[in-house]
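These are the structures in question, set out in turn.
The same chain A turns up in both complexes below, where it pairs with chain B and then with chain C.
For the complex of A and B:
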């Protein structure tokens, strides 16, 4: 094109042309500006109405009390840092921001690098990315179930309990216990021992309660026929029985006709703190400890008979709830981090890697010295995006944490909602929390915008 | 840009008129089929809109009541389900100039809020007379704000019922207890039989507040209960500490609570019913309101009265047996379009005739003592209804429903959370009382 056409605006600083010629140019410039403003206006209006105004309103609202009528100055802000629930929310948010993005970026990087080397890379990526398609609410409900403490409901605890039970035997009577004042006393480790000493030749019955009839082993037989047995000179004998007559009746501490024996119970004879004989009860609960020297013994039912059932891990208890929810978050976002980092990886110049390998660098050295530094910009973008994302995490926390531990799991976003709408109905304090959240997100935002600018120029 | 809302409106109008048409058709069909002898259909051609939280079966049964009203007066009715949050729903309708004529509110606190916002019309003297003669004064009291009678309690709940599995207590050889102390003794005997005594739904804070309220009402008496509900006495009051101590004694007894405190905290309300009436019972008794029967019947196929029965929450110490209740109150909204129809509906709802319609359908208790107990479909419901009516003026409303939501009605905070903490560690009733007082002071703002 020739130089006769209108010069672009940045030439405005050139010495002005003769007056008559300047007028149309200035008019054109003004028109250009008007057109520009006309184009920008809708966006500006939308931004103003949807972003700027709410932000300013929240800032203003945060200086008023719950009703919105009384100006309270900075009270909401000071109150915020005195309220234990909010402090916990701040602490939890900090844990989230430190742990979740770092773990995700690391996981994403490792998976992206490894996936490059496998044959079914696309299928694998697809699989990893799939949780992104699940809504947070649905994912929350899924994980709430997975983390359920009852092994019959929660798949994680079912696995934990399953593994535990294959390696350590379960006890036959986890719920059994002795009544107080019926001759058996509980020891510190959970075992039961007779209160009175017995010498060989005597008969001792051991009565327990707290076992449901349907929980008795199938081979259990009534204990009554054996209750009148006698002992030889060098033996201690008796029955271990369930001291409860179904339907009531019966005498406590006595073997009644309908009462069942307790089979497979380990019984020990203890003398001066040392176990000298032991046996296991028969189907009718009877036992016989033979070959005892004269002297006094106590009978002991060791704790292994009563070891409580292993309940698994209390995932949603106060201590583990935040790590558990972060776990659910990882499940959703790992695919995202992996795909983004994978994209950065595929645009990386291969010749550098080849050159390094030619020079004898090991795979680890290539990864550590070449891949990671070259990927640094992508890693930062992923990391910062995730930081911003983690700040506003709400649904997962709200859905997964059960009522009793909600306060232990709360983060700033849930706390903000709870305080303003979820029953607190103090929108002043809620706004203050919102402003705090905004202040915390701003540095990450500024950083991201800066990076974006730099990468464009 | 503009086309979008326009299209939306058109669709909505179409939908609305469609619904109205369907309703009108339904109503005429209904009216046509059953000609009523006498009784002028004074409201023929008028429409009364009713909003309530009921959905599903409850909505269907309430519709029967509304149909009976239509049949009687000739007015057509339209029921709108509000979802769980009545106050937000009604609030937005009032602001938007589209208020229903009649609303059913499930909490005393919400009723008071409506009255204070000046959204309600005082009920007609005819309704008031019917209520004076047919209801215990306590129900009128809960429907009255600033000495004006606004709320008619149409449906009630009985929250002082302990549900048990007859098989389980028979197995243990005990009888339904009459006093709280007997209940604990019976509970320990049941524990000896191998089953825990109670399943406690600690994951749902409201069940714990109900436990506390029953003990407090019986132990400290109705006067203290009212004062505590109004926050006129503090939660640090010795009577509160005493009730908490009583409750803590039960909570920390491993034999009485299925799975101990830890398991109770991870059990929700349906789960607690399952532990008693489910396929693999873990406990013999579960305390909650009359609605336990519904869960036991619908989810676990139990026959109420045979496989599942109840005894009234027993008296604690020297007190009377408590009757804690709740209910849905019908109110007339000032901004409704058909005040005359609304008043006529209220007059109808106050009659035993209206209550009988739903009572026959089941899942309903009426606070109206003129309602013939024979109207109820089964014996167990009849007994619950009788217990509620017999309690007369000693009936008290669920305290947590009377409190501001931040204290008495929010998951994870206030009374719910503090009682859950108390269930986890019941060793310090005084400390819990102190924390409750702090939370209450904040929520009541006094």
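For the complex of A and C:
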């Protein structure tokens, strides 16, 4: 075993031995500089290699073609406005910038003012601010779910369909039809009418098939108890029923004990081609048309009964997808706008507001004439901040817009991604889009930095 | 007069209750969906679980955590977010102190450059850095993702911390220097403790930013280094049929930031507010 001892390595942080300098102060200053450089070096290295260099590279790259071999000058920039997909992205980004920040600032202002008036303000603010903690991806999944087109899955369409069905009188049976040769014939417009004429005082049953039992409205009741009812002298009565006994059995063309009535079906009495009376069926499918003059009538089930069911709104279809995604964006950012504006509100001179109220100003006047003008600087900051963020929106669009609708929803950031990495692989155009994004953000950013520095000094 | 005010107040209360309900509904929808089977989902919306709570179980979560891809992605998210946060805060604190209190040539001009870099959207960096990482063998690795996040987190972080540290009273630093403290010691024993509020806000903001990021990881991570967001994103194409994976996955990814939010409300709000200049 050797007993060689190595001299202890000098610790890195230990100061280097002072050079035999004539002026010790100068040495100290030099040492100070070296330390200072050591402090900033990690940050500068990273920024230089991963931010400054890439910006320069991108700017240069944007003047070359897709493969990067040929210098094309400004072609990528002019080409943006000729390529329909990119043009669409520019248009959508413009919609975002015009709509979202204004809506958010307005909503934030209203909520900030209102929340001052309640006792559970803190809880409300927390709730509204919470979505800021949620990733765009998770928010995207949340809203993909909420916007689902199937009203049995998407809560928004469930609400829309629910409201619609509450206000519309008739149910719809899009799949219902009549069996041939059992009293009902189909007319040209899709309506069904009785083949035989009936006169007041008679009972007519209208049997339909083709409705799956699980598709019947929840209120539907068996038709049988009402089927044996008789009609008055000026009446036509009967039941509209599903001529199908679950589990088999029963006689076709006859109301059997287990057969269900068809509720909310429109029934008309027609004489000489003219509708003289109409009604809708009850839960058990029964109907009663009264006040009929003697004569012969046919009973008609108009086509509206068989119209396709109202299925709500296609939120994520090509036309509504951008507003829908902006809606999700509102969910995330409203709390931010509200809290920031609320902070501005809390620094407002209370006595000014109180004095105005004392002088008999209404709440609205106080809001219009005092609150909003005093808040103008804060509102501007919120607005500008949102413009910057809206311009860069990517994840939300990428996640919420379903594949086929992606190109209808595309914005600058997603388009830049698609062009550069998502199959387009035109890195010249992609770089140009990135540079465009940078140029668009600069003015808003300069404003924000100025404001921040002013607030610091 | 009193009556109209009371009436007005009730209308405001009712309105805010409605707004609050609207805000909580999508989240409640996700949570309830995450507790239902795919079969229940096909049969009806999550609100049916309110009347038949028998649908709810934690099976999806046990399944999810047993899924090696998902739990790997969860750990990747942690392995990306924590170092990114620590590095940004650490490197920016060093630089922020130097920009505020140390003298070196070109200091003010360099700081102005850092401020100017605040404007650069990450998108501009994606392509060139991807090439660079490709050559360095960092592409597809967790360190690559971390480095990118650190670099793009730095301009704001340095800006914030320099401005905060600049507020430290000069006499305090002079006194420490008189006592013979090295810059290194002053930094650790004086600057960092004084700067705690700013460091906390910055740390929370940065953590959240990275935890929630999808864009950077979408490009720089590969199948074995991808975080939760990317893993979930890759499954969105079959949206609907795999809601029993997507919903609990999304909930898992958002519960960590939401807990951070409730635990550090004040710093959180300040961090997000300050970070919004980004």
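In this section, the second predicted complex is superposed on the first by the 266 of 457 C-alpha atoms of A that agree within 3 Å, B and C clash if a C-alpha of one lies under 4 Å from a C-alpha of the other, contacts with A are read in each partner's own complex, and residues count from 1 in each chain.
Here is the rule we go by: a contact is a pair of C-beta atoms (placed from the backbone, for glycine too) under 8 Å apart; a residue touches a chain by one contact, two chains touch by 3 or more.
These numbers were taken from a predicted model, which means no experiment stands behind them.
Participant: Looking at the overlay, what does A:340 touch: chain B (first), chain C (second), both, or neither?
Facilitator: second
Participant: Counting touched residues of chain A, say whether chain B or chain C comes out ahead.
Facilitator: C
Participant: By the touch definition at the top of the document, which applies to A:213: first (chain B), second (chain C), both, or neither?
Facilitator: first
Participant: Looking at A:246 after the superposition, I want to know if it touches chain B, chain C, both of them or none. Which is it: first, second, both, neither?
Facilitator: After superposing on A, A:246 lies in contact with chain B but is clear of chain C.
Participant: Identify the partner contact of A:350: answer first if only chain B is touched, second if only chain C is, both if each is, neither if none is.
Facilitator: Once the two structures are laid over each other on A, A:350 reaches no partner at all.
Participant: Quick one: classify A:124 as touching chain B (first), chain C (second), both or neither.
Facilitator: In the superposed model, A:124 contacts chain C only, not chain B.
Participant: Touching A:137 in the superposition: chain B (first), chain C (second), both, neither?
Facilitator: Only chain C is touched by A:137; chain B is not.
Participant: Please indicate which partner A:403 is in contact with in the superposed arrangement: first for chain B, second for chain C, both, or neither.
Facilitator: It touches chain B and chain C both.
Participant: Just chain B (first), just chain C (second), both, or neither: which does A:82 touch?
Facilitator: In the superposed model, A:82 contacts neither chain B nor chain C.
Participant: Can you list the residues of chain A that meet both chain B and chain C?
Facilitator: Looking at chain A, the two contact sets intersect at 148, 402-403.
Participant: Residue numbers of chain A touching chain B in their complex, please.
Facilitator: 66, 85, 148-150, 175, 179, 209-213, 215, 243-249, 314, 316, 401-404, 406-407, 410, 418, 422-426
Participant: Once bound in the complex, which stretches of chain C touch chain A?
Facilitator: Those residues of chain C that touch chain A are 8-9, 12-13, 15-16, 19-20, 23-27, 29-30, 33, 41, 43-47, 91-92, 94-95, 97-99, 102-105, 107, 110, 113-115, 117-129, 132, 147-148, 150-152, 154-155, 158-159, 163, 166, 183-184, 187, 208, 211-215, 219, 229, 232-233, 236-237, 239-240, 243, 246-247, 250-251, 253-254, 257-258, 260-262, 265, 268-269, 272-273, 276-278.
Participant: Given the complex with chain C, which residues does chain A contribute to the contact?
Facilitator: Its residues touching chain C are 13, 29, 32-33, 35-37, 39-40, 42-44, 46-47, 49-55, 57-58, 61, 111, 114-115, 117-118, 124, 126-138, 140-146, 148, 152-155, 158, 331, 334, 336, 339-340, 343, 363, 385, 388-389, 391-392, 394-395, 398-399, 402-403, 413, 416-417, 420-421, 427, 430-431, 433-435, 437-438, 441-442, 445-446, 448-449, 452-453, 456.
Participant: Can you tell me which positions in chain B touch chain A when the two form their complex?
Facilitator: 170-174, 189, 191-195, 202-205, 255, 262-263, 265-266, 268, 404-406, 409-414, 416-417, 420-421, 424, 445
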